[in-house]
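Read the structure below first, then the notes.
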Amino acid sequence: MSLRGLSPRFWVAAVLVAFVILVGLIGPLIVSTSPDATVGGLYDKPRCCGPLILGADNEGQSVISNLVYGTRTSLIIGLLAGLIGTAIGLVVGLVAGYRGGWVDDVLSAIVNVGLAIPVLVIIILVSVSLPQRNLYTLALVIGFTAWFWVARAVRAQSSSIRTREHIDVAKLSGAGFWSILRRDVLPYLLSYVVMACILQISGAILFESTLSMLGLGASNTTSLGTMLYWAIQWGSVRTGAWWAFVPPTFMLTLIVFSLLLLQSSLNEVFNPRLRRGRAARKRAKDEGEELEEVTVEGEDAGPVGSGGFLETPVSAGRGESR
Amino acid sequence: MTEEIYNAEHIVKTFGHGKNQVQAVKDVSFGLEKGQVTCIVGESGSGKSTVARMVLGLMPITSGKLIFQGRDVTNLKGRARTEYWRDVQAVFQDPFSAFNQFFTVGKLLDRSMLMVGKSVGQERLEESLGYVGMDLSVLARYPHQLSGGQRQRVMIARALMMRPELLIADEATSMLDASLRVNVLNVLKDLRDQLGMTVLFITHDIGQACYLADRVLVMEHGVMVEQGKTDEVIFNPQHEYTKRLLADVPKLHEELELHDLREELQQAGELA
Amino acid sequence: MGTLVNAENIRGVYYTEGKDVVAVDDVSIKIEEGEVLGLAGESGSGKTTLGSIISLIARPPLHVEHGTLEIDGQVQELGGHAKIPRTWRGAVVSMLPQGAMNSISPTKRIRQLVYDVMRSHESKISKEEALDRARDRLTTLGLPSRVLDAYPHQLSGGMKQRTVTIISTLLNPRLLVADEPTSALDVTSQKILIEMLLEMLEKRIMSGVIFVTHDLPVLRTAANRIAVMYQGKIVELGPTEIVVERPEHPYTQALMSSVLAPEPAYANTRIEGMSTFDRSLFDAPAVFH
């Protein structure tokens, strides 16, 4: 897959996501202070440069240290939960959409019930009843409630692919049910699934933060959400200790924003035809021509398709050659 | 008199329920003679493709009977259907969407090889490709690297790997340029002449039927209006519809008789 | 009859990421008044591209590198940075694209389409006036005026195609470029459409038609002259009967021999397809009758 001609939006998103991942991966190595070590007093102000660059939190621990470790935790949980949710949803959606019939009816009913139940309530109930709340149980719980949405989305795609001719050819060639799903349906969905997965990951990160903010987060590790929990509990907003709640909020926003931006620009990566517009646009600009809108065409690279009178309603009065 | 290897008896296909019911195929009966090319000719909406899919077993029949080599093959499912597909294969209309775009030709044919068995597979592969005038170099290519005509020939090769008794070509040439069409039709002719294959060819183009077929079946709006030997149906049509079809088909070596527009519209029942 | 349209030295190139594809390679062609000129060729011959260039709707990635169009004494530059006057498109030359009948908005009634088309050229026109004109035209050409109130899916294929054809000529263009207008129709509707086009020419609704198609038998009936295109060039041009019965260019000969018809000559024979021909023969110089 070539990377030529991708829009600035994609590159910005890619850079931001890379940055966030680096913070989570390497941050803890650069910031050598442990997040549990006491380095100062209650809400010590930020001071350059060292463990107190972003000040201290309610327990006198380094905010910056908690920030990078917290990012790592949030990312791990998000990734795990997102992957679990996508994996389950993918399989269920594939089978339901392709198989149809009573299998589809049963699976869809389950999915619909799952979508109707207020997930937050379920998670809270499950979390409260768990004997031990660590990183992984949390990720599992979130993942198991996230798959419903993926299943529904994948099911729709899968059932539309079912009617395509290459599926008939596969059947005639003696391919079995699972073989067809794996090799004739799934590849056509892959781009969609990747984009859904990214959405799941960002959703899971937010979800975990919400849980942690409510005090239901992982009990032994720090995450961005737990930082906010303590920040609220200890009145940092009231006392104006902005360094306790602004950094984690900012980091959360950055993570989710960059993931969403990436997701929305992935369309171009998977569909090179959408890129052609940009390359052509740039070229036209270089040659001083009027800018045109490019429509996404069908299989043939060929000509301009339905121009002329059929599109006048849109461009009427604008004087462009559309 | 050659034997009939396939028989369709009073087949009916209805879509939808209650008030919105549509009868796509209304009581059609025909037989396919072994080693002959039979053509179903009809325009869009005639039900010819529906018949093809029912014969193939890809669409359930509402009522009627299908008999293949003496066995009842109506509404087959599961294992029985997979076995049926050793003897009956198809080539479809759209040479692009019939391919999994992520597969090379080799991968596509690999699947058929599995059905046939490893020992015989390689041999059949080379043979099948040879019949359509292609060699092993095509195995590494992706469908988008092949022309429409090449893709259809690969599809025929795929079908041939099973050495089917009956090959169904559903508008297999409709999306090809005129010059490539003749190639594909010639391949089908050769299959009949050299392999004794029975072919069911579905088309809207009566010229192609004339070139290729031994027998012609004409369908209109779900009904089979005429059937018989090619010479009889095309040069001595009995049914009104067949006559009109032949009269209205544009021919290369003579101009169509054009009437007054209004007269024509009246005849077609479309007048204002 | 005089020359209606004189297109000269047209060169159309597709700029794609990999390489530039020359679709129309320095083509010059004249269309006479009152004639239907058939533009024949296989896929990739450039016929549709030429049609869209002449009807002034070429846009990126298709670039017209150079070419001129002369109509009614007015010469229009087509190449490079030329500005096409907005009034020309649809009113001087109009295109009826391939698949037009399936591309109209399914949620709007036909009269909405009529109104939009008329309004795009005469912004002050009232709905009444626009519909009146349309109604007139429809009745003249044998379509019921109830068509205006219908949704596209309520019309048969043949009716839809005739309706779109009429709408594309509402502004009385001098030249109509029709791209595969008969390809999706059953044979009877094809015949009716050809008759309608000829009647429109007779009534001077437009003064000339370029009929782009790969279907040679249709051109035998519909066209006065045929231009055969191969790889971006016109390889043969002449009166229909001559090009069909006595083609001189090797490509045209090969093309004509691949056409199958329900005639005794085609039953029980074998015709060799084009892949058996030596393609280098097709580079022979063009033949103009």
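In this document, chain identifiers A, B and C correspond to the written order of the chains, with residue numbering beginning at 1 in each.
One rule holds for everything that comes next: a residue touches a chain if its C-beta (ideal position, glycine included) is under 8 Å from a C-beta of that chain, and two chains touch if they have at least 3 such contacts.
What you see is a predicted model; the values in this text were computed from it and never measured.
Using the contact threshold fixed earlier, the set of chains in contact with both subunit A and subunit C is B. Just count the C-beta contacts per chain pair and the biggest one is B-C.
Centroids of subunit A and subunit B (each the mean of its C-alpha atoms) stand 47 Å apart. The distance from the centre of subunit B to the centre of subunit C, with each centre set as the mean of the Cα atoms, comes to 31 Å. Contact residues of subunit C toward subunit B in the complex are 42-43, 138-139, 141-145, 156-159, 186-192, 194-196, 198-199, 214-218, 220-221, 244-245, 254-256, 258-264, 266-267, 269-275. Here subunit B touches subunit C in the complex through residues 43-44, 133, 148-149, 177-183, 185-186, 189, 204-211, 230-231, 234-235, 244-246, 248-256, 258-262, 264-265, 268, 270-272, going by the rule given at the top.
Contacts from subunit A toward subunit B in the complex involve residues 164-166, 168-175, 183-184, 187-188, 299.
For subunit B in complex with subunit A, the touching residues are 56, 58, 82, 85, 89-90, 92, 94, 96-103, 108, 111-112, 114-115, 155, 158-159.
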